[in-house]
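Residue numbering begins at 1 within each chain, and the chains themselves are lettered A, B and C in the order written.
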Amino acid sequence: MPTDTKRVRGPEVSQSPLLFVSKPATALPSHGPRTDGRPRDQVDVRPVFVRCGLVSQAKGSAYIEAGNTKLMSCVYGPRETERKDETDMKCGRLTTDMRFAPFSCPERGSWIQGSQDKDLSLMLHESLQPAVCLHKYPRSQIEVNVMVLENSGSVLAHAVTCASLALADAGIEMYDLVLGCAVRQDGSSYVVDPTYKEENSCSSASSENQGGLTVAFLPSLNQISGLQSDGEMTEETLTAGVRTCIEGCYKIYPVIQQALAKAVRRAAPPPSES
Amino acid sequence: MMEVCGSSNVSLREFGCEQSLLSRPDGSASFIQGDTSVLAGVYGPAEVKVSKEIYDRATLEVLVQPKVGLPSVRERSQEQCVRETCEASLLSSLHPRSSLTLILQVLHDDGSLLSCFLNAACMALMDAGLPMSCLFCGVTCAIHADGQIITDPTAAQEKESRALMTFAIDSTEHKVLMSSTKGSFSVHELQQCIAVSQKASEKIFQFYRDSVRRRYSKTL
Amino acid sequence: MAAGFKTAEPLEYHRSFLKENCRPDGRDLSEFRATTLNIGSISTADGSALVKVGNTTVICGIKAELANPTVEAPGKGYIVPNVDLPPLCSSRFRPGPPGEQAQAASQFIADVIESSELIHTEDLCIERGKLCWVLYCDIMCLDYDGNLLDACVIALLGALKNTQLPEVTINTETSGPEVNLEKRHGLQIHKHPVGASFCVFDDSILIVDPTAEEECLSTAQLTVVTDEEGRLCSVHKPGGTSLSAEKLQEFICRATARQKEIQKLIDKVIHSVKTAQ
């Protein structure tokens, strides 16, 4: 294993104390209300807290908190593109970088970007790109950075929402906001906006219809820009899941709109009436 | 080319220095303090990468190579200290949009390494003929457990000490250019160490002068 | 007009303020920016703190893991501090491995931990020669507006004070560790080192707590770290223009005053967190 010479090094191996817990963790109930009190099989997303324009150095930034999931996004640009190939001349380039802070998950992550981070960055890119008017920014690039401070489930969905809010805060021209929502199917029942524990546990015995689904949705155009699903689900469950996600997106839409309106009002206060 | 720097109050180990010992770099020097030995090479002024170009002065890069293995975070912090000290004394605005590279190779570490880096860097910059506003030298002081101040400690003395400080002193006003410390100490001890370092610096500058004089007396 | 002047001649712009003994953001030369501290906001970390010094925002999360102690020091644990400057916090940082500034900051924090002895690594030992704690102190900058080192030290101290380690016992039969997550205990913090950073303008004017812009234009930077007994843990000046011993004395006085202010702030926040629980 190559050693990382650019960071202060610790011991070669260390193990998370979670591996040595004497009492095994209690399995999550497969029916009845969820651990955070939300009902099952209903479109009940966690209340979100959003704020724009927190980072002084960035063109636009946003922070989102849903339950214990905490994310932050910054947008830099448009600035001159670094890569100068043919395609960049006609329309702008959107780059996304999504990272997890080492302390964001129950088990400590590495500083080095893993394949999971890269996958998520790519999915974020694909969900956002259709919403941004890139043809208005020829020869330039727009950088979106997302940092997960605490991972308590549905990270990609909230990252999409947060990044689109940061893009809007940066004044980048867009067709629409992009909202994200996730669903976890567990046998015949499903949970909306799952927590980290719900995402990583499988409580029902049946192996059918186990999976997760994340949808990125443009609310005013009523279009889907990103869809990511894993696990095994029947066609009907999947379409029902997509519909549930869209419903979930509409639930957080007014909160996002309000946060954006507040940020705009602060940036350009309406003329006083005197 | 060895000479002894010994005195009653400020004692330094035996110093040695040789300039222009490498043929490829534009300036080079080896500096020996007791058993600690560093080899320095300077390249430049040369063309600079566009991304690193500074429009009104030269870009200085310092690379520290440890005796074994790859440079780590500690070397990076030493690089930063040496670079910013050199930047303060070099008249880099005379070479805008060019690059200067200083490479410091550790040959043997027996304490006071950072001060040896600084001394080797100064001699190498001098050898490269780069314009400087002043010379600088490095002095390491160790505070022993009983409060005694030791200048230019060996590795064993460093280990026993409860605090370690390295200063870069300039040649014109004998003020502190750089300071890097380890361990905890009182304000009074800091002031004492600075005073001792300033005294020691006079000796080192005298050594610089002697060694350069000797070198040119041979070539002329 | 003012904005144009600032962009075209940033140094002159700052000088015109300094001539009047104030700074573009309205501060005195020896005034720190408003400092806020939020402790324990990350529940996935064993200890965490978020610090804001003006616009500069730094978050520190501590994760404790189990490891074997080294053969040379069988009775000691590890503390592994790392500072990261992600591209998120400012446009000057590029993605990829940490740059020189981040690495130098990591080394600085490691030196402060070692010099100040704020935690005795002996306290982290669970069983001599067999098992000990590793404290990974990951410090991340979220908004870079100068004075990174001060913010990092405060974040580290806040997070360490907040850290709760689970109880570990060695099972006599299997001789493997057993962790009880319900029973947790805090760390013993022996010292409270706090940093104060300064900038030198035009070789003579001293300002405290520089912003990113002031850092770029200054000719020298200096960070002094002191603990509650007034002892110095670090006098870090990586170069730049020279300073006389008298000037240094002035800095140290300001740094000791700052240490008292910050320690009061940390105690207040810790107290409010405890009463809220």
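One rule holds for everything that comes next: a contact is a pair of C-beta atoms (placed from the backbone, for glycine too) under 8 Å apart; a residue touches a chain by one contact, two chains touch by 3 or more.
According to UniProt, the chain labels map to these proteins: A = Exosome complex component MTR3; B = Exosome complex component RRP46; C = Exosome complex component RRP43.
Keep in mind that what you see is a predicted model, and the values were worked out from it rather than measured.
Engineer: Thinking of each chain as a vertex joined to the chains it touches, would you call that graph a line, ring, star, complete, or other?
Structural biologist: complete
Engineer: Once you count every C-beta pair in contact for both, which comes out on top, B-C or A-C?
Structural biologist: Answer by contact count: A-C.
Engineer: In terms of CA centroid distance, which chain is the most far removed from chain A?
Structural biologist: Following the centroid criterion, the farthest chain would be B.
Engineer: Could you please state the distance in Å, as a whole number, between where the Cα atoms of chain A are centred and where those of chain B are centred?
Structural biologist: Measuring from centre to centre gives 50 Å for this pair.
Engineer: Measure off the straight-line distance from the CA centroid of chain A to the CA centroid of chain C, and report it in whole Å.
Structural biologist: 29
Engineer: Which residues belonging to chain C are in contact with no fewer than two other chains?
Structural biologist: 103, 106-107, 110 - these are the residues of chain C that touch more than one other chain.
Engineer: Would you please write down the residue numbers of chain A that are in contact with two or more other chains?
Structural biologist: 6-9
Engineer: Give me the residue numbers in chain B that touch at least two other chains, ranges are fine.
Structural biologist: In chain B, residues 73, 76 touch at least two other chains, as defined above.
Engineer: Using the touch rule from the top, collect the residues of chain A that touch chain C in their complex.
Structural biologist: 4, 6-11, 13-18, 20-22, 54-58, 68, 70, 72, 74, 76, 79, 97, 99, 101-106, 108, 111, 143, 145-147, 149-152
Engineer: Where on chain A is chain B touching in the complex?
Structural biologist: 3, 5-9
Engineer: In their complex, what parts of chain B are in touch with chain C?
Structural biologist: Going through chain B, the ones touching chain C are 73-74, 76-77, 79-88, 163, 165, 168, 170, 173, 175-187, 190-191, 194-195.
Engineer: Which residues of chain C touch chain A once you look at their complex with the stated criterion?
Structural biologist: Against chain A, chain C makes touches at 41-45, 48, 55, 57, 59, 61-68, 70, 78, 80-82, 84, 86-91, 95, 97-98, 103, 106-107, 110, 134, 136, 138, 140, 142-145, 166, 168, 176-181, 212.
Engineer: Residues of chain C touching chain B in their complex?
Structural biologist: Going through chain C, the ones touching chain B are 100, 103-104, 106-108, 110-111, 114-117, 219-220, 222, 227, 230-245, 248-249, 252.
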